[in-house]
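What follows is chain A paired twice: with chain B in the first complex and chain C in the second.
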Partner chain A sequence: MLWYKMWRESGVRFTISAAALLWMCAMVVLLQRRVRAHADEPISYAHYIWSAVYKANVLDLFVLLVIVLGLGGLLQERAQGTAGFTLSLPVSRWRLTAVRAAMGCLQVAILALLPALLIPLLSPVVGETYSFAPAFQFSVLWADAGMVIFAMALFFSVVLPGAYSAAIASVAALLAYSILADLPPLARYPALDLIETMHGAQLLASRREVSLAALLAPLPWLALGLYALVALCLVGAAGAIMAGKDFP
Partner chain B sequence: MAHEPVIETHRLTKHYGKREAVRELSLMVERQRITGFLGRNGAGKSTTLKMLLGMIRPTAGTGRVMGYDIADPAQSVAIRRRIAYVGEDKGLYGYMTVGELICFTRSFYPDWRPDIEARLLKEYQLPPGRKVRALSKGMRTKLALLLALARRPELIMLDEPSEGLDPVSIDELLQTLREARDAGTSVFFSSHQLSEVEQVAERVLMIDRGQLVMNVLLNDLHKHYRHITVEFAGHTPVPAFNLAGVARTRVMGRQARVLASSHVEDIVAYAHSLGAAVQVTPVNLRDVFLDLVKEAP
Partner chain C sequence: MNTTAALLFKAWRESRGRFLISAALLAAICVFGVFCRGTLMKVIVPEGRFGGDPYVGYIYALVYAGTARGLFTIMVMVLALGGLQRERLHQTLGFTLALPVSRTRLVSMQALLGLGQVAALSMLPLVLLTICSSLAQVSYPLAQMACFGLLWFTGGAVFFAVALLAATLFRNEYTALTVAFAFTIFYPMAVLFSPLSRYPLNIHHIMSGVRMPYFNVHTALLVGAPPWALLACMLMMAGVLIGVAIQITRRRDYA
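Then we have the complex of A and B:
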């Protein structure tokens, strides 16, 4: 039933996030003719989708929504006066953190999957086609990198009191990280650039064969593995801090 | 009859920076008794209860609840499985309905008693479909009690349970605590409402500035504790009453006011031997509380 609690606490945020993401994706698809007509150079529909969804506006929105999903937790509950009840339940704080993280990661994965479902289904309405395969590849990138962003927000929500401090710290940390990743010593390792990895520029050039191998091969698995590890470490650190915290 | 302990602490201490919230507190709460935990605001009652529940880590000392070590996180989970706690703010999830919260809480306790749940739901007139956030404070307290009692815990800890309740609700609450005790549950509750403690508690633990200042059975207090007012004439210096049974002495001018927990006759005889006029009066919990925790003039 901890799952139920975590869902009830984040369900509204998740539903609003999903609606916002779907609305943005739908707008990108439905307004494609007008936007492409004003482009400096003619671009393909696939390239337009990439630049509007996976590289720019929708990605930015996704990142912000993931940060919002990472907020909450016991410090917030303390402010609302319910931490005492939660902490009196016969569950460890590790389990509370783990279930919250698992619910959040699941929600991030579903959010990441939404563009992959909507864009291919909506494209025929505007006389275009967009296959599920590349959309799914981008979803994998977003889900994995999104988990790092979620874990970072969760970490800050455990460390910092106040409703918005974790969100502000997460945005600041992401900006700082993006600047660092562009500096010469780190720029040599593009796999370390989280946002660049989410852009998935290399996927544009990949072949469009319909097979699992062709679907999975172009994905940067090393970077994805690294991000998953970072997310796990952040959740672990959050759990350790939470386990040792006093709730007077 | 000797009552075995459900809670034991030994030199339990909690510091917040330089401030000592609880100082070397050694206490024992007996099984199947109602024990009141008295103290002023900020005396350390809530901190003690939260240390027993694993919400706050002790700085020093040890504590055991139902035999489990309070400082061990795994054993702390076992403690919370066997006991119930009603916090001071009665903070329950406002976004759930009464029914959903009962269902949620029930899932953590295999020993949940649906018959008790149904009885209390009816008795407290709690509407299952209403959101918790829409309940009055009194109703929220009743819901918190239902969640605590519907599995007949071995021990129930309550932090200021009557805070914000009207007199009728307080009366019902005290009755509930008596019934819980009669059903075999040990009750440990903190309060600064002396009349409530006096109505329901069998033993009283009094804490002041983080330290235990009194541990007494209420019957013993009424039977043995006395105020002895000693009036000295002339210019005889008022002596120190360092005698057996003297709990506290206050000197005001030519008068010494002695709170005696025992040996009243010996103290009176000593005062008479000094040529003083002596008056002995019975005490109630309020007198003792004020005597022990009130700042010296």
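Then we have the complex of A and C:
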């Protein structure tokens, strides 16, 4: 029942997000000839997909959509006058937060998987090939890093009462983090750079020529484990705050 | 207090938190950008990216084409959210609709205040960069900042209008936010399709000058007169979208 509740609350957002991501990936593939023809220097199809999907436009969209998926929760329900119904359910607040987080993480993982399913399937339509293996590697990176972003938005939605405050705080925190991660003290630890990890920076030795072979490097498991831990801590902190909150 | 002032005050009370946070974030980027330039310049504008004055290239890459512009785009859309659909969700709609003013005026005032806030955010870098640059004994041309401010305002007005329309169409506030976010990324791709690809329709590029005839990529400076016709078209588009939002609000049954 709780799962169904969480799905009903985020289902429309998730469906629109999935449709937007699929549409964007489809456009990237279908427009490849035109865009590559206007590139400053010739680039391979793999490089084009990396720069359009995994490094720029589609990644930006994914990050923003994941933030929106993390919004909502009991504080918003209180503003709408429905928190009382949720709190009267025979489940603990910890469980409410945990199920909401689990549903969100599942949705993030599915969103991360969509480009990996669509791009290899659609590439033959434009006379190109893109294998599933590198696409799934990026999906793992996106899903794992996406969970941190989702957990951050969820945490802010538990702490900040305004409907849009959590979204603004999440965007601001990500921007600040991406700038900080580029500065010399942190730049020495590439595993700490969330966005660069999503770009696949640790998979690519050289970004000047991205080939499918170059994308088949081992995944940065240490960084992925760290992100999973951070996401878990953020969800735990959100659960603890929610459990101790007074809803008069 | 007359009706217009009262409605503007209502709209201000509803959006001031978002506006002030947006202004604070933009201000933080500009201020830290200037005072921490020694460290940030090496990261943001590696040697050889732009010819000419390195500080000019750096401010362009950080503010007018980089982090600050991305933040500005997101914030103007968040500013447009809310309105009657959200009030329905919060069960305060009855009070607003009981006010002795038409729905057209309600939405118009919300849009007017929002556009004022977009204008203020557009001009914020001009004010802060002027002050901070003089304090840090560096300089960025005032005319460039004014021109970029104009480009930001017109681009921001379109994004604001799109989000306002989304907030009018969708009952759930997060759905409107999702649609607005999707639009910012989806739209630049859509204009690559023929016959749209023949025209300079990418608002992100118009705002930052990228691939535009009025921008010199080597010096990171705007050249010549602002693209008045293009800006007028964008403002007209924003006006049409706001008009559609007003019409939808007028006809909607909020029972």
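Definition applied: the second predicted complex is superposed on the first by the 232 of 248 C-alpha atoms of A that agree within 3 Å, B and C clash if a C-alpha of one lies under 4 Å from a C-alpha of the other, contacts with A are read in each partner's own complex, and residues count from 1 in each chain.
By our rule, contacts are C-beta pairs under 8 Å (C-beta built on N, C-alpha and C of every residue); 3 or more make two chains touch, one makes a residue touch a chain.
On a predicted model such as this, the values are computed, not experimentally measured, just so you know.
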Contacts of A:Q80 with chain B and chain C, given as first, second, both or neither: both
First, second, both or neither for A:A237, with chain B first and chain C second: neither
Contacts of A:L183 with chain B and chain C, given as first, second, both or neither: second
Which superposed partner A:M1 touches (first chain B, second chain C, both, neither): first
First, second, both or neither for A:D246, with chain B first and chain C second: first
Partner chain in contact with A:L117 - chain B first, chain C second, else both or neither: neither
Chain B versus chain C, judged by how many residues of chain A each one touches: C
Partner chain in contact with A:S92 - chain B first, chain C second, else both or neither: first
Touching both chain C and chain B, counted on chain A across the two superposed complexes: 80-81
In the complex with chain B, residue positions of chain A that touch it: 1, 4-5, 8-9, 77, 80-85, 87-93, 243-244, 246-248
Chain A to chain C touching residues, read off their complex: 12-13, 16-17, 20, 23-24, 27-28, 31, 34-35, 57-58, 60-61, 64-65, 68, 71-72, 79-81, 162-165, 167-168, 171-172, 175, 178-179, 182-184, 187
Touching residues on chain B, where the partner in the complex is chain A: 16, 21, 46-47, 50, 53-57, 73-74, 77-78, 80-81, 84-85, 87-89, 91-96, 103-105, 107-109, 144
Residues of chain C that touch chain A when the two form their complex: 17-18, 21-22, 25, 29, 39-40, 43-44, 67, 70-71, 74-75, 78, 81-82, 86, 89-91, 172-175, 177-179, 181-182, 184-186, 188-190, 192-193, 197
